[in-house]
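Two complexes follow with chain A in common, the first pairing it with chain B and the second with chain C.
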Partner chain A sequence: MSSIAHSAVRVSRPTSLAEALDQLADAAVRDAPLRPLAGGTDIMVEANHGGLRQRDFLDLSGLKAALGGFTWAHDGSLRIGAMCTYATLLADARSHAELPILMQAAGLVGATQIQARGTFAGNVENGSPAADAAPALLALDAVVHLQSSRGERTVPLEAYYTGYRSTARRADELISALTVPKQPGPTREQFFRKVGTRAFQAITKVGLSARITWLDDAIADTRIVATSMAATICRARHLENALRGLTTLDQATVAGLRRAQDADLRPLDDVRSTAAYRAEVFHRLVCQAIRETRPS
Partner chain B sequence: MTVSHAHSHLADAVPPQRVSFTLNGEPRALMVRPFRRLLDVLRTDLALPGTKEGCGEGECGACSVLIDGEPVNACLVPVIQCEGSTIVTVEGLADHAALHPVQAAFVQHGGAQCGICTPGMVVTAAWMVDRKLDASAIREKLSGNICRCTGYSAIVASVAAALGDAKAPASDADGADA
Partner chain C sequence: MPDGNKLSSDHRVGRSIPRPDAKDKVTGALHYVDDLPFDGLYGATVRTQTARGRITGLRFRDGSEHGVDWREIAVVTAKDIPRISKLDGLDPNLVSLLIRDQPFLVRDEFRHVGEPVALLAHPDPEVLRRAVQLVEIRTEAATAQHDYRVPPTPDQVQHGEDGPDANVFKRILVSKGAADESAAAFREVFDNAAHVVAAVYETQAQEQCYIEPNGMIARVEVAPEDAEGAVWPRKPWKLIVEGSMQCPYYVHSAMTSLFQLPDKAVQIIQAATGGGFGGKEEFPSIIAGHAGLLALKTRRPVKLIYDRVEDMAASTKRHPSHTRVRAALDADGHLLAIDMDVTMDGGAYLTLSPVVLSRGAIHAIGPYRVDHVRVHNRVTLSNTPPHGAFRGFGAPQTVFAFERHLDRCARAVGLDPVELRRRNLIVRGDTLAISQRIDEPIELHKWMDEALTAARYEQRRQAHALFNTEAEISGNPLRRGVGVATFMHGAGFTGAGEDRLASEVMLRARVCANGEGGVEVCTANTEIGQGAITVFTQIAADALGLPLDAISIARPDTDQVPNSGPTVASRTSMVVGHLVARASDDLVRNLEVSGALSDDDLRSDPDDDRASALSDAHGRKYRTDRLRRALCTAATQESGPLEGWATYERPPGGQWDDVAYKGIAYGTFAWATYVADVEVDLTTFQTRIVDFVASQEIGRVLNPMLAEGQIQGGVVQAMGWALLEEQIYVDGQMRNPNMTNYVVPTFADVPDVRVLFQESPYAYGPWGAKGIGELPMDGPAPAILNAISSALGIDIDALPASPERLMRAVLNAQAQEIR
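On to the complex of A and B.
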């Protein structure tokens, strides 16, 4: 199928959430799904490169009142509306104080212009294995809220990706929000590192988002999220298991961590980097995260 | 590379839709195909060629304009998303004959060479002045604006001057690119 030209794209711009959900439902029934359009920073790159495969879009820019912004709930969780941009959340002091890795990730997405337009929800739904905000959200146990004219359901981000760039979202559903629960431990336990060709306007070659919970001198619990190491962003389960109970980083432990990592993650060679480089750098980032999150 | 497929697929074209916004202080209402890039609508339909196209993929910032006060890449904005918004392009920065302080600083400090990146640089810098950002943030906040010519030092000095930073880092010791 050839690509779709800009002039051939149909866009509907509902001004209420109910209207948007009705349009999504109708289109899904007709088996001609509408593709949501948020900040457009992924979609327009596809379109400008002649890579567009859909003709029918549902523009969410008229729903900023319903879906823009963020709220802190009484239980200390953060709800990020689907149209909340990076720039919007980066202006929130409490997010920096409580969720530093989410703010580090957001502050390294593209540059100023991309952060003004790009959304967290768009980053999650786009499903790139090289995404920056989605892995930070995953390390923080975020949940995806999916809304349709039938109601709302929630899916843990951990269960959201079903394969390369495919998600649990159904054609009649919209991501309405993402929630990040109150974090169990101090912010020192959060770790984020993106490795690219430079700090800004660079796609991640390899990245680690982690939360490492320590009890006395031993690791009690972890979230180890790998970026650009597999077909999707993902938690490295063998590695998480190997880390539990760890107290020191002696040679034998470090070798064991590497074996566990290799059981979880088989990165690829591609235009941005090599499998060997990715695996080695990821391994070193894990060791760095252990050292930096350890209580002093 | 400019990638615009408008001519090859006209047979498929959808009907124009009405989009209204405020552009450089004036209310405008247009009939346009909804997914056309704001960049093309500005340059072609509205005869405002100040906004440039460098890459067409959000990397270079030559197409930067302000939408509701925020710098965005006009090559990544489908025009329908501008409904009800306030847009300022480089043409809208000067107050008649009086240059915007950022423009005056670029003139004074030699912030432009070939000029392709300049409208985008000036627009992003105008946002920085508006937000009263600290001069220490210049390189980071301008990192979405790429310059092929200057090596950035004169640009950074121009923006620092516009931000009122007397100790403008005219020649950075590290010489690192923004």
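On to the complex of A and C.
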């Protein structure tokens, strides 16, 4: 029995972006914000658990023309519309060729049914520390496009999360798109591994999304993004610093990496796993990423 | 009854005939209880939130802000149930099962989180959901027992007197040889053994995870003169309950006891049921009682459906277990003696725990010859929801401990685990630990070899040893291992259990839609996804020599079908199927007696199976067209349709002694060897099952596709238990009662399970069939854990072998090496 079926839930379904933005602005002024509804795959879970905080929705399904799909720009960046589903992008060969970790992440969200409805924007906005697509986007330096009746602004994904499940989005703003810039190096430098509770339909217990840039035999630059290791998905800055200049994985460097990681990330025990497991496995994933991204 | 190894091509038995119920299930046309047309009230349950205490009061908080008006909500508490039954003088509020200790509704003392305290009914389920939140249960706390393994402190005693048996629901001792003589004689066997190997094994609870959660609809029919009756009505009235269940007659007896009604005043109907696995054996009686109480109070039909969270948090699970094993072996690896201490966690009430413990005890030492045995078993109380029936019913726990232990023994002796098993498997004429002599023609060694060959056990073992050595050197994080379990499972109720059930089956002549004669098979055994409808159809069709579409299976409805016992214990095909075949013979005999069939109707060509009834104990075969005509006449006769009956008769052989725990526990066993091949990734400590062979001797494969599905389903369920599934309790409260965090495997988590059958027909099963429902739950966990232990070179002795557990084991082993 879903509680949503029996209690007052109001849904408006604008047919143009302008209309949607006006409704958002109106509601925000009245201090009764509308909640955007994309694929609904996060929202329905909340509803089913009886925990819907807000009951006024802005259904985006009428805006597929304006917000759906994706485009590759001349500069080689990928623009993912807010209503673009995982399934849509998973059908794109160029995304697989250039952004393999985003495709790996997308292919591991839920399973086929969820991938047919779920959106990248919804994943980003939902702000779960266990999200799969958002950390891959973060490792790829993605940018969030926010639109309101006042205009558009962009926020780097890196600065988007302000705390546990809270984002930089204002009540009158809609995510219109996410853009992923052209990647500086070869795809070999991208690394993604989700450690879930099972193979599919799994919440990530610990995950690593990374981009490791090598110059000759040393690491020049990195993005090390941790999943389920903190209140939000996040970059591990001490670890990134410790990695810069690294050439080999001897015992001392490995120990140093673990110390740096512990300065960045203090995971928790919960019903899905333990802090000890998360820390140990994240560390092992980082070592695996170094081995696998190194030029041969 | 035809037996022998070969079936002619005309048989429906032995073929993968499609399930008659498949189309409606696949298209969604079938109505489960929540889909039934319904005009009535919804019910909801208010439950305790702490593990133990006394209720001092209930407060119904003002709900005006939430749209809850208490004047519109019907409320039932234990106060609505009389304290003394007019029928038997007992407290009708206590569920009638083995003993009566579990209340339908808490009167004052409670023993677990989620115990039902009050029932609410209202037309709008959303209002109800909010109303439940508004009921405040005031309690006085008492000290809960959270660890079933340790003896209770005096203030934790809730069952029995303070002392060694405090909180012990049941003890069972299996003993044999020197253990029967004296403790000293038994000790001496160990003192003189070349090897003594000891270890402790643990298994966790498991949720049945049927796809359809529990649900019931109850309504009362009240005689007109009583329509304005008191709260507790005067007779005559009738209670009708329809819902998701395995055992209509269990629910029936629970309802006659709760409502103090004669048998005829209670009607229980099974609705289409989306899986049970034991979870709908005893537990549905409580929901039926709750729905009935609300229906009685409101005089309206009441529907009580659990959502997944409530179902997982409140219903029964598999018993957790803790087992200490000590084995004495000679220098060649022959088992001389086994000393075993099994403790199972019964949860807060006794429910079916003694019977679960019994099956665990009887299966503990498996198909091995051991002359001196002592298995001490007990099931104890802890303050969680009661643990109850679940596929395997105690056997998976003890089989896990014993089969893991055999691998440890093999290492101590210096033998391959398979060789150790080979040296100890029984042969025909040997006796099991319970002193049951196995006289059927078993060939366990050969059957085990067939499994090993199919699994390429030897090649894998050698390849893995090489792979692991190289991986260690090269820094490859993968480790590989192969593991085996050899075991057995007895079908049907234990010992004299089937005699006590005295199951009855009835077949009735009927007219089919096309106007021709046919039969209706009436049993209380339920289709719960396992294929009971299909198998009964095949058996009746072959027994009578009728086409499949001449057979229909009656809906289990206690007003319509005889009590053929519960749908549990792997008994439906073997025990009840046999009765279906015998009742078919009885029907033919009655047709003869009534004159509807005569010698003129006998088939003329003795080889023409096609035109004849295949059945008949008395060697007479009739032409199908004549039989159908006779059935047609017999269906429409004035005195009502002609019937054929069969009642359970115990196969010849010995008795079971329930005190000494010796004798014929089961008429027969199914025998199996399972082989698991695994790969563990030391980066994440996740285990991938690469290959799985499940090989078993099951008497006769009645329907190959269903049998294979039954084995594969059971194996996958056991794989979940072995690797993933775990209830997380904090202070007796389950913290992960949902499919997100209680993790069962998906198809992507399991390999294609390869199933092999051997057939050595059993004389008292239909066409030789033995029960197979539970068997596949027993072997996978030890086979998989043996494989993992072999891959890691570390003994993993507790379930589940989660990545977290494997990580701790690997890091501990490394730390010890450094020290």
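The rule we apply is simple: the second predicted complex is superposed on the first by the 289 of 296 C-alpha atoms of A that agree within 3 Å, B and C clash if a C-alpha of one lies under 4 Å from a C-alpha of the other, contacts with A are read in each partner's own complex, and residues count from 1 in each chain.
One rule holds for everything that comes next: a contact is a pair of C-beta atoms (placed from the backbone, for glycine too) under 8 Å apart; a residue touches a chain by one contact, two chains touch by 3 or more.
Just so you know, these numbers come straight off a predicted model, no measurement behind them.
A.B. asks: In the overlay, work out which of chain B or chain C sits against more residues of chain A.
C.D. replies: Looking at chain A, the partner in contact with more of its residues is B.
A.B. asks: In the superposed arrangement, which partner chain does A:220 touch: chain B (first), chain C (second), both, or neither?
C.D. replies: After superposition on chain A, A:220 lies in contact with neither partner.
A.B. asks: Touching A:200 in the superposition: chain B (first), chain C (second), both, neither?
C.D. replies: Once the two structures are laid over each other on A, A:200 reaches both partners.
A.B. asks: Kindly classify A:50 by the partners it touches after superposition: chain B alone (first), chain C alone (second), both, or neither?
C.D. replies: both
A.B. asks: Applying the document's definition of touch, where does A:275 land relative to chain B and chain C: first, second, both, or neither?
C.D. replies: Neither chain B nor chain C is touched by A:275.
A.B. asks: Could you look at A:66 and tell me whether it touches chain B, chain C, both or neither (first, second, both, neither)?
C.D. replies: Neither chain B nor chain C is touched by A:66.
A.B. asks: Would you sort A:168 into first (chain B), second (chain C), both or neither based on which partner it touches?
C.D. replies: neither
A.B. asks: For A:284, using the defined touch cut-off, is the partner it touches chain B, chain C, both, or neither? Pick first, second, both or neither.
C.D. replies: second
A.B. asks: Could you look at A:254 and tell me whether it touches chain B, chain C, both or neither (first, second, both, neither)?
C.D. replies: Neither chain B nor chain C is touched by A:254.
A.B. asks: One more residue to check, A:40. First (chain B), second (chain C), both or neither?
C.D. replies: A:40: touches chain B, not chain C.
A.B. asks: Touching chain B and also chain C: which chain A residues?
C.D. replies: Residues 3, 5-7, 50, 111, 199-201, which sit in both footprints.
A.B. asks: Mind listing the chain B positions that touch chain A in their complex?
C.D. replies: 3-6, 8-10, 12-14, 17, 33-37, 56-59, 61, 64, 67, 70-73, 75-78, 80-81, 83, 124, 127, 140-146
A.B. asks: Write out the stretch or stretches of chain A touching chain C in their complex.
C.D. replies: The touching residues are 1, 3, 5-7, 50, 111, 193, 195, 197-203, 271-274, 276-277, 280-281, 284-285, 288.
A.B. asks: So in the complex, the part of chain C that touches chain A is made up of which residues?
C.D. replies: So the residues of chain C touching chain A come out as 124-127, 129, 305, 307, 477, 682-686, 724, 728, 735-736, 740-741, 743, 745-746, 748-749, 803-804, 807-808, 811.
A.B. asks: Would you tell me which residues of chain A are touching chain B in their complex?
C.D. replies: Answer in residue numbers: 3-11, 13, 37, 40-41, 44-45, 47-50, 57, 59, 61-62, 87, 110-114, 116-117, 199-201.
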